[in-house]
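The structures considered in this document are given below.
You will see two complexes here that share chain A, one where it goes with chain B and one where it goes with chain C.
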Partner chain A sequence: MPLKWVLHWQPNAGTTVSSQILSEVSQCVESINGVKEGRWRATLTFYKPHTREQLMAAEFPRDFLGILLPEQPNKYYFIIRGQRIVLEADSSIQTLMEKLQSYKTRVALHFDGFQYQLGDFQLRVGKVVPTHSENLRGIVMEVEYLPISSVEKAKQIMEEFLDIWREAISKRSLPGHFMHMEPNFVEYGLTDHYTSQHTAVQYATVMAQLIATVQAVQSVRN
Partner chain B sequence: MRPQQPQHQQQHQLEAAANPNPDPAQSGEAPPKQVALAMDRLGDAARLIADIRLGADRLLEALFVAAQPHQSTKPLHLFHKEDASMRQHLQDLRSVGRQLEESGVLNESLRSRSNSWGLHMPLVCPDGAVVAYAWKRQLAGQAGASAVDRTRLALKAFTDQKRRFFPHLDDGLDGQSTESASKKHCGPQVLIGNHQEELSDYKTLSDILMHLEKEVPTLKIFTYERLDWLKRASSLPSSANETSMGTSKEHNFHSSNKLRPGSLSAVATEKISVIELLFPSIFRAIVSLHPAGSIDPDSVAFFSPDEGGSYIHSRGFSVYHVFRRITEHAAMALQYFLGSRAETALHSLLDWICSYQTLFTKVCSKCGRLLLMDRKSALLLPPVYRPYRQFSALKFSSTQPNSSASSDLAQAYHVGCFSEEA
Partner chain C sequence: MECVVQGIIETQYVEALEILLQGLCGVHKERLRIHEICLKSGPNLGVVASEVRLLCDLEQPESTWTVRHIGGAMRGAGAEQISVLVRTMVESKVSKNALRLFYALGYKLDHELLRVGFAFHFQRGAQITVTVSSVNKMLKLHATDEAVPVTPGIQLVEVTAPASAENYNEVVAAVSSFCEYLAPLLHLSKPGISTGVVPTAAAAAASLMSDGGGTPL
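For the complex of A and B:
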């Protein structure tokens, strides 16, 4: 499948993300001739083990994530970042987990937004909000280059696109910038041929960054 | 080619054709008449196919109407009526198809006949290409017409072909309209004159393909008979499907020769009419040869390596803008190579196609960037133009033996950065 880079908004130190920034970003996409196509939504869930004893809890991984991606409605992806594990499962696994009651949802987040077509590129801009809340926690952006499926071969093109994108965004003088951190796919056992598992891993990496940012802001406040 | 058929020669040929002809249905029919009949039948077949398409639409409409609540039996009547007429159309199509097969249109059985007067039966390929010999039929079939009429018909048929194959000669956007026609014969020959010896070494299809395999190790070349390609194209996984390609039967050029014993490998080469050039993860190019086994390319198209489907053939278009642009550019490059020196056209074309292996890495030679917003189409594209005019000269005048170095010499341009001086 075509490869994709998942970017996230890194606000400048001392600032937070706002819906104003989100609308500026969307306008910027349209200014580089992006054509709005429709909505998209992904859901990410942090799990914690359902166990009474505190001791037992420590044995389980702390960062157990599950993610539902819009391009694969019949699949559900699990990631354990600490151990570099990614797993593709059928979407019915969520029902299974509820019945087993082995894991509980700690936090669930939605990535919600619009999709844009830009020739052979497909962009998605989305806000990060917890479920049952309108509190904007972050902004993510997906950049997909449709003709290529190889992570390596598309690197140069994607970097140039990112340069063009950053240049366009910088004209709006927003307090922050988009960051791309490429996870080491090989460590997760993934190949050069892009798949939804790569996307899941990228989202897990983005979440780690977002959490780190929020924690940094909180520690500054305290 | 003998466009004029004097009457006495016609009768003489008729008698000659009548005797050794094994096919009783065609005895006594001179080739022009056969060609005319075949063209008529092709026209009938096309009309039947159009009727079938319309019928299918009507059937779907009837089904849709029937699916709505509170309908009378009207859709059912419609359905029965369409069903009957569809069956009739399909029956007619089958019989026309049988007639065409017998007269050699859908295969090449007539090619070996010596008394064909230089005329070729129209060949219909599964990808829809009808071999462009209609103008011969015009002239031959109208042997009785006056010279003026014949000339007019020939000019009309030729202008249509020209508009189709030489689009850049009609619109003066690149300023090529008058220059290219006159330059075609002067310029390239002077440049290519130096290395005619090297190019003439690669005379046969196998020579060309083997040379290419050696020169460009990252390239995978596959060859096919025309119908085999259609099967392969339909079975190519599209990007949604994650199974790896190439596990199913491959007609790799070398392996198909290895499988057959020595004397039969010549037969295999003679039937090759589709060449697939695959640069894994970069692009797939399809070149069609006509006639089969020759070194005369007649069309070329580029696709993403992840595209699959029956539209993947040398006259098809990719769903991606970048490959569509390259295909358009390649059509002009092909006409240039054919026009400047037809014997080396295939070799030049394949070499030129290989210069696209740097499509996603080589920056534009004018602006130094990889991606540029094309003003006209408002799309971000990599440099999709690779010049073809002095292509042969560049490649063979390079003193470096390393093939990757010579591909660095080749230049690349964005659509907007390309200009004629390059």
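For the complex of A and C:
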């Protein structure tokens, strides 16, 4: 499977993400000759434990989430980031979890946008919105390099691409930048050969960053 | 959803049962070596307790894992009248981290078993699976190489078929009809309703063994 980096928009301190920024980012992709192909959507669900009393919930993981990826419509991914656990399952696992009634959905988010072809690269730009809402919470970008499946071997070319991308986007003087934080895949038991489990882990990492950004903004306000 | 019946057979008659099944099913048996890990939710998790089973198929060159949840049986007067159990069942293939994940979610080990035997998968009015296995317990945690039979000399036979709310009547009929062929060797009934071994088993087994399995029923 081709390697992919998942980036997220990091707003400058004191600023927030906006649909204007999203629009500028999409225009920037097209300005470097990205060919728009179609829509994509990923869904991320945060779960919370179902306990008889509120206090009991503290002994269970708060960072248990599930991800549905567009390139794997028959699969579902569970991650517990704090314990570096990732699991790939058939999509029937969602029904199974509902039957267990031990965990329920706390909040679900869509990553929604357009896909672009750019030579050997496939790009996806997406807004992060809660399901049933248009409230923009973030912007993500996937950069996929089709010829290579090795995490290590692709590093250099991905960095070179990102340099080109950052130069293009900086011309628009937007209040922020795209960040890539590569998780330690080895800690999750993943190998150098890229898989959708790697993608799921990257999304979990991006979510942690988005949450940290929102919390930082809230603490400044308070 | 699935339809299930179970029965027991003395180990000495398993070979005869295999011959009978081979003749009835027309397919080759598959060897079975499944490590079944039964987990229960910890005391504070969930408003009601929940159970989940992790099945590790040790016959494959690289072990494959399945998670299974068995739900409640169909109830009511209609359900009581049929001789096959109809119950909800959901399963999912999973990657190898399933046990770690469920422990992290607050599930605890309730018990574990090793099932060793064989299975036949075939189509006969429904997609039917017959498994014949000895049920073994492990003397040390997860030590599948050191397992001993729970009931020496007795093996468990299970006949299952997937079903849906729309077709379970047909599936029940298919399973019941198939079970009649096995009647000389063993009696199959709803799990939880034990019937013991059948008195005709010895004679039926002798007949099958001397026949060499050459005459399909």
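Here, the second predicted complex is superposed on the first by the 219 of 222 C-alpha atoms of A that agree within 3 Å, B and C clash if a C-alpha of one lies under 4 Å from a C-alpha of the other, contacts with A are read in each partner's own complex, and residues count from 1 in each chain.
The definition used in the following text is that a residue touches a chain if its C-beta (ideal position, glycine included) is under 8 Å from a C-beta of that chain, and two chains touch if they have at least 3 such contacts.
As the structure is a prediction and not an experimental result, all values here were calculated from the model.
When the shared chain is aligned, chain C comes close enough to touch A:Glu88, but chain B does not. Once the two complexes are overlaid on the shared chain, A:Pro2 sits against chain B while remaining clear of chain C.
In the superposed model, A:Leu136 lies in contact with neither chain B nor chain C. Legend: residue contacts after superposition of the two complexes on their common chain; A:Pro147 is shown touching chain B, with no touch to chain C. Of the two partner chains placed by superposition, A:Met181 touches none, neither chain B nor chain C.
Touching more residues of chain A than its counterpart among chain B and chain C is C.
In the overlay built on the shared chain, the residue A:Ala108 is in contact with neither chain B nor chain C.
When the two complexes are superposed on chain A, none of the residues of chain A touches both chain B and chain C. Note for the complex: chain C touches chain A at residues 41, 44-48, 50, 52, 67-69, 71, 88, 90-95, 97-98, 100-101, 104-107.
Interface of chain A with chain C (complex): residues 49-52, 56, 59-61, 64, 78, 80, 83, 85-93, 95-96, 99-103, 189, 197.
Taken together, the chain A residues at the contact with chain B in this complex read 1-2, 32-33, 118-121, 146-150, 152-154, 156-157, 160-161, 164, 192-193, 195. Within the complex formed with chain A, the residues of chain B that make contact are 239-240, 242, 244, 281-282, 304-306, 318, 320-323, 360-361, 369-371, 373, 377-382.
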